[in-house]
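As written, the chains take the letters A, B and C, and residue 1 is the first residue of each chain.
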Amino acid sequence: MDSMTLLETHDLTRHFDGIRAVDGVDLSLRQGEIHALIGPNGAGKTTLVSLLSGRIRAQSGRILFQGRDITAMPAHRRVRLGIAYTFQITQIYRALTVFDNVALAVQWQRPANAAAMVMEALERVGLQAERDAIAGTLSYGHQRLLELAMGLALNPRLLILDEPTQGLAESEIARFDAIVRSVVPQATVLLIEHNMDVVMRLAQRITVLDLGRVLATGTPEEIRANRAVQAAYLGE
Amino acid sequence: MTARILWTHVGALAALLAAHVLLPAYHHGNLARIMVLAIYATGYNIAFGYTGLLSLGHALFFGAGLYAAGLTAYYTGLPGWLALLAGPVAGGAVALALGSFALRTAGVAFMIVTLMFAQAFHLAILYLGRWTRGDEGLVIARASRQLFGLDLADGSVRFLVAWALFALTMVAALIIARSGLGRVMVAMRENEERSRMLGYDPYMTKLIALGLSGAMSGLAGGAYALLFGYVGASLASVQYSILPLLYVLLGGAGTVLGPLIGTVAMFYLIDLASNVTDAHQLVTGAALVLLILFAPRGILGSIRDRFARWIP
Amino acid sequence: MDFGPFLLLAVMEGLVSAAVLALTASGLSLVFGIMRVVNVAHGEFFMLGAVLAWFVSQFVPGPAALSFALALILCPLVVGLLAAIADWAVLKRLNYEPEATIVATIGILYILQQAALSLFGPDARPVPAPVDFRVQLPWFGYAGYKLVVVAAAAMILTLLWVVLSRSRAGLIMRATQEDRDMARAFGINVDRVYAGVFALGAALAAMAAVLVVPITQAHYLMGGDPLLLSFITVIIGGLGSLRGTLIAAIVIGLTDGIVSTFFAPTLARIVATLAVALILVVRPQGLFGRTAP
């Protein structure tokens, strides 16, 4: 593993009742890149990132994070190691205030000034004015931003975003672009995304998944030119 | 801590003291009992109200404290404070032991598992009747109920000690509720998966909460044994698992003062009802059904929702 | 008495427990299987069946057999109706949310217990058996009515089995169990099915109680033990599986009968309770259940 690699998987596999959701995946994420994960529905994208974040266990294969084997590590410890996951379906504490939602992401880091850190994360997504609102009362777009703010406040080395732009308006997506760009190169972003415009705009590298296997990995240009990808996905 | 939160809780404690001075003697024994039960409800609230652990087996922790303190006082010549201390230690230890098993389940399975363990404990007390005298119970002699030279059998002393123990428990609950741990407990209640993905271990958080809850319940049990001088199997029966649930539901789950309010309200509701009918179980049952149907947030919880979000 | 006949007696006693338990537990199992409701008040429906049987035996003149037959029909009907009302007035309004439902059924437990205490009193009261004959074996005589209980329970359970697996009502219940929303889409009145299932579950407990009350007497606190044993049975049998519940009831009933003939019943109860709690921790779907609920 070279020093530029943040995370890599070797032959990572997870089956569900005989369905090969993730089937021998080798993936490598570089320090400070925006890496997109694309593929048709059912390709195994969400299963793959669930394996990376520890929400589900791998059946075989290995996951290395900063050179360390984390395959058997529970999810909450991976978060503290620097792997943050934002949910595809918004998962916020609907009954708590916006501030408390983000404060929970900050608390275990025991920073000198926790409140300042919370506000900084809220400012990055533009929700500082909503700090005392009850999270469940926010608009859908703002709830997505809050979810993102919680991910940012974890101060991750790797931020996994599972379909972050789903259901957002065009204007909100523009704001989202800027936020994701601001994360790199200090940290790495792994982005699952259906919106091809967003992927082509943001990603430095793209991995295409199909039927649980890696079909291709490369720059956006390489992926666009790849015939197998065109056949399986882009040309559908 | 903001001033109004501090003053609300200090005020509640002062009101209890004032009640002792102002109310006729009839209420003194009642109030001592209410405060011991309110300690129990406060402990239950840490698990159920804040962490979302709906246990049907807290009589196990209350009973562990009751018998740890009661048997110590009855059979050994150890000083009263040691017997009292045995209560929370036993309650906490049993809660941690039970939690290490039961917390592998959730929801309905957790309710049944806790119910079963408490039932086994109740049966064990009956089975060990040679030492516990089962349902008949043990009456602890006045000489064994001394705490630092204070005679716990005396009505006024009993009230003040119950008050002091309740104050201690309430302050502890307030500190827990406003601490980082309290916030994580609420986070587990609200959304466990989200909390896990923010870096918190659900199992450990719940185990700590259950341990604290068990220690408070055990303190209540120990205080009951020494203050009222009686330990019996019926105090560890399933009814005593339901009581704190009822108090907390009525007063407001997840509020610091809710358990006290619920205990006072329920106690006097049953007291009033006994003037009309001897059917106090009917009051308990109807209260449970009506609360869960129409006011699941309880008295203080409803007030907090409508008027005062700052109530911890 | 020698060991052999003693064991035979224990087995026969065990068969009676098993028969009563199978009826009671299948009611609990049915309610959990189809409605996903853990009915803590189940033992009180059992108790009500026994208490009502006493009232029938007191106020219906004529031979014991006649009033008993009437009780066997009437008590389950009344108890079932009460259960249907409880379902409509309380459980349905809670949308069958599991934890709230348990709290509510605890409340119903208290209300029913108090009602029995107020109307029936604190004493245990006997109900005469409808038949009175002894079966004389070489070693001991045995109350013939106990054998009638076993036979009657077997008949009722067979009938239940046929209804559930062969009839249209059984089909509707199973469809509702599979998928509540789909059943509704097919025009099934899910509310009515739920009320019916809850009533049927309670009625089965009441039937078991009417059958057993000539042996045990009626008492307002008699619901606790059947509740605990039914819980144990349903959990070991695989939550919601009727076949598993029946097998478990026979095993547990026999064990309970045999064990309590030879050992202290309390100790046996403690061990059984702890075992069930541990089973739930290790296998939340029950010992013989296949998939998690």
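Throughout what follows, a contact is a pair of C-beta atoms (placed from the backbone, for glycine too) under 8 Å apart; a residue touches a chain by one contact, two chains touch by 3 or more.
Note that the structure is predicted; figures quoted are calculated from it, not measured.
Within the contact network of the assembly, the step distance from chain A to chain C comes to 2.
More C-beta pairs touch across the B-C interface than across any other pair of chains. Legend note: the chain whose CA centroid lies nearest the centroid of all displayed protein CA atoms is B.
Work out the mean CA point of chain A and of chain C, and you get 52 Å between them.
Per-chain CA centroids place chain A at a distance of 44 Å from chain B.
Per-chain Cα centroids separate chain B from chain C by 33 Å.
Chain A meets chain B in the complex at residues 53, 55, 74-77, 79-80, 84-85, 87, 91-96, 100, 103-105, 107-108, 150, 154.
By the touch criterion given at the top, residues 54, 56, 101-102, 104-105, 107-109, 111-113, 116-117, 119-120, 123-124, 126-127, 242, 245, 249, 279-282, 284-289, 292-293, 296 of chain B touch chain C in their complex.
Across the complex, chain B meets chain A through its residues 180, 183-184, 186-187, 190-191, 193-202. On the chain C side of its complex with chain B, the touching residues are 38, 90, 93-94, 98-100, 102-104, 106-115, 117-118, 228, 231, 235, 264, 266-267, 269-270, 273-274, 276-278, 280-281, 284.
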